[in-house]
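There are two complexes below, and they share subunit A, which is joined by subunit B in the first and by subunit C in the second.
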Partner chain A sequence: MSDLDSPSPADALDGASTVEVRTSASAALIPTIRAVASDLAARADFDLDAISDLRMAVDEACATLVDVAAPTSWLRCTFLVRPERIEVHAQVQTKHSEAVVSTDTFGWRVLQTLADDVTVHHDPGVDGAGPTVGIRLDKRSGDVMR
Partner chain B sequence: MTRADPEYGHLSPLLERYATLPVDHPDREKLRDELVRGFLPVAQHIARRFSNRGEPLDDLVQVATVGLINAIDRYAPDRGTDFFSFAVPTISGEVRRHFRDLGWSMRVPRRLKDLHVSINSAVSELSQSLGRAPKPTEIAERLGVPVSEVLEGLEASEAYRSSSLDEMLSSEQGSATVGELVGEADAELDRVDFRQALRPVLAELAERERTIVLLRFFGNMTQTQIADRVGISQMHVSRLLAQTLDRLRTRLDPETRVG
Partner chain C sequence: MGELGQACPEFLDTALTRPYPETVVLAVRGEIDTLTAPAFTAATEELLTASGEVLVMDLTDVRFLASSGLAVLITAAHRAEDRGIRLRLVITNRAVRRPLEITGTAALFDLHSDPESAYGGRD
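And now, the complex of A and B:
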């Protein structure tokens, strides 16, 4: 998750159009983030299934993260728009390093179905930075029948 | 459906008589009732054609009936057109107007509402011919409008009112619900480890929501395939899925999601 911890544009860009949205880690703001997700996918000419899948996946990922986020912390969501796919990194600070996102849940199943690739990253935090949890999604623009 | 149609043939002379009666003639009311009753199946038939777009069929039948009454009032037999060729567009027009005006939960400009309707039909045609969901550029090409307009239209679609989740495929008595027509996804569910937690929550969902969730997440079907199977539009599947996931999220004990 180093690219999120030190989001220097040079690292993050690598040829992709990058959009980053940062909100309070509050469920009420997730609709804003998912609207950004579906707008980016529509403008990247994803097929309608893929647009809707990405929208729901971002919704699910953010909701999962907000659940484990430390109070008054940030939710940071970065979209890397590449040809034919969008990569999403969503990340929150957690209060304890034991706060984890488990992968044997229905929510995880939903993410696996909606995204082409999904991984979770736990970072215990170093040098005074708090522990973080991130979910990384990869969504292709369509074509592949799933 | 022509004048020779045995089901409606007997109504033709009544139509002609109705058209010639002066507005204040005492027989008019009775004759009109008889005509409306007689042609009601036509209105019901047209309403049913619009029934998979997220509006309750009962409402559609009412709107179509208003269209039918207008058609009966305005029909002029002496112009030589057959009643049906006049009534069918009049009734469908009334139903279309209903969709355009009442189906929106947010104020959306008329232009976008019309675009939403064209996009919807382009999506279903293209899905058929492509075998997958279309892209905004493909929709734009089909409609002959700029991609930017399609993007706007798709965004506006988000404001389309959500519909009842318990809607039947048709409101006729004994009609099958979606869940009765599709069912094999349950086998997939058995292979999921957390089914203990999920099963009771799924059981609380309406038949159609459950079916769509199962087909998407345990039956490995795309939204477009589900739309085809269940007989509603892809956009409708998308809305139902999003709503249902939201509900599941609040219903599933946080313990089962976050370890």
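And now, the complex of A and C:
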């Protein structure tokens, strides 16, 4: 298949623009990931409060995951920029398959307040792939009637 | 350490001053997140244990507040209340104001938009 015919790898099938950031699973690199979140939200014309919320939510998700990440492993954060909302998928390899993200914490409640939707997914890993934990969150670009 | 241009990411710029005999001010500059939260906690402890009737946290130059920082603020508000003091915050940007508003915790503090109004005498 010619590269000119196939969809650009940066675009998901539904037209979302995709940005993926991968770093060492270290808290020192989270500021960079939240800077990416701010930048994408600003370019997508999010209102100022929504930009602030997304940045804080991404920070919270990444900090939560880095906390259970295996030493020397990676943190991956994928942003899907859709019309009027951004979908974020953050993931780390965990120390062991029993590593669990608690949703009974102050930080998680803040995350639920900041994002329009947030879920956590634990994957024990199969066929040699190590265990991972992911957090997915969605944020709309501005206030809508709720 | 230093590959991102910052010598020490755990560092948070803080300064404790006493502009009036009974007024103690903790000024914080930078980003309050997982890395800098311990430094923020330590600086807050100094403010909360200082003698005085007016306790102020000047967050004018704080460019980001993570949930860990918000938790420190909330705990500080309660500890100040234990001394019969309502903690005053100087807030000038959205990065600090928005988390307080959206979590409904702004009411725990006496909010000011400029330092001078915060330094004033007892309510």
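Quick note on the criterion: the second predicted complex is superposed on the first by the 130 of 146 C-alpha atoms of A that agree within 3 Å, B and C clash if a C-alpha of one lies under 4 Å from a C-alpha of the other, contacts with A are read in each partner's own complex, and residues count from 1 in each chain.
Quick note on the criterion: a residue touches a chain if its C-beta (ideal position, glycine included) is under 8 Å from a C-beta of that chain, and two chains touch if they have at least 3 such contacts.
This one's a predicted model, so the numbers in the text were calculated from it and none came from an experiment.
K.L.:
Following the overlay on subunit A, give me a clash-or-fit verdict for subunit B and subunit C.
P.N.:
Taken together on subunit A, subunit C would clash with subunit B, as the superposition shows.
K.L.:
Applying the touch criterion given at the start, work out whether A:T119 contacts subunit B, subunit C, both or neither, answering first, second, both or neither.
P.N.:
neither
K.L.:
Determine, under the contact definition given at the top, whether A:V68 touches first (subunit B), second (subunit C), both, or neither.
P.N.:
So A:V68 only meets subunit B here.
K.L.:
Who does A:D49 touch here: subunit B (first), subunit C (second), both, or neither?
P.N.:
both
K.L.:
On the A-aligned overlay, A:G142 touches which partner chain: subunit B = first, subunit C = second, or both, or neither?
P.N.:
first
K.L.:
Touch test for A:S24: subunit B only (first), subunit C only (second), both, or neither?
P.N.:
In the superposed model, A:S24 contacts neither subunit B nor subunit C.
K.L.:
In the superposed arrangement, does subunit B or subunit C reach more residues of subunit A?
P.N.:
B
K.L.:
Check the residue A:L111 against both partner chains and state whether it touches subunit B (first), subunit C (second), both, or neither.
P.N.:
A:L111: touches subunit C, not subunit B.
K.L.:
Could you look at A:D39 and tell me whether it touches subunit B, subunit C, both or neither (first, second, both, neither)?
P.N.:
first
K.L.:
Kindly classify A:S102 by the partners it touches after superposition: subunit B alone (first), subunit C alone (second), both, or neither?
P.N.:
After superposing on A, A:S102 lies in contact with subunit B but is clear of subunit C.
K.L.:
Could you tell me which of 2-10, 38-46, 74-82 or 236-244 in subunit B overlaps subunit C after superposing the two complexes on chain A?
P.N.:
For subunit B, the listed stretch overlapping subunit C after superposition is 236-244.
K.L.:
Would you tell me the residues on subunit A in contact with subunit B in one complex that are also in contact with subunit C in the other?
P.N.:
The answer is residues 48-49, 52-53, 55-56, 59-60, 63, 106-107, 110, 113 of subunit A.
K.L.:
In the complex, go through subunit A and note every residue touching subunit C.
P.N.:
Interface residues on subunit A, with respect to subunit C: 27-32, 34, 48-49, 52-53, 55-56, 59-60, 63, 66, 106-107, 110-111, 113-114.
K.L.:
Would you pull the subunit A residues touching subunit B in the complex into a rising list?
P.N.:
Where subunit A meets subunit B, its residues are 39, 42-43, 45-53, 55-56, 59-60, 63-64, 67-68, 99-102, 104-107, 109-110, 113, 141-143, 145-146.
K.L.:
Report the residues of subunit B in contact with subunit A in the complex, numbered from low to high.
P.N.:
On the subunit B side, the touching residues are 123, 132-137, 147, 151, 154-155, 192-194, 197-198, 216-217, 220, 222-224, 234-235, 238, 241-242, 245-246, 248-249, 252, 254, 256-259.
K.L.:
Using the touch definition from the top, list the residues of subunit C that touch subunit A in their complex.
P.N.:
Contact set of subunit C toward subunit A: 4, 9, 31, 33-35, 64-68, 70-71, 94-95, 98-99, 102-103.
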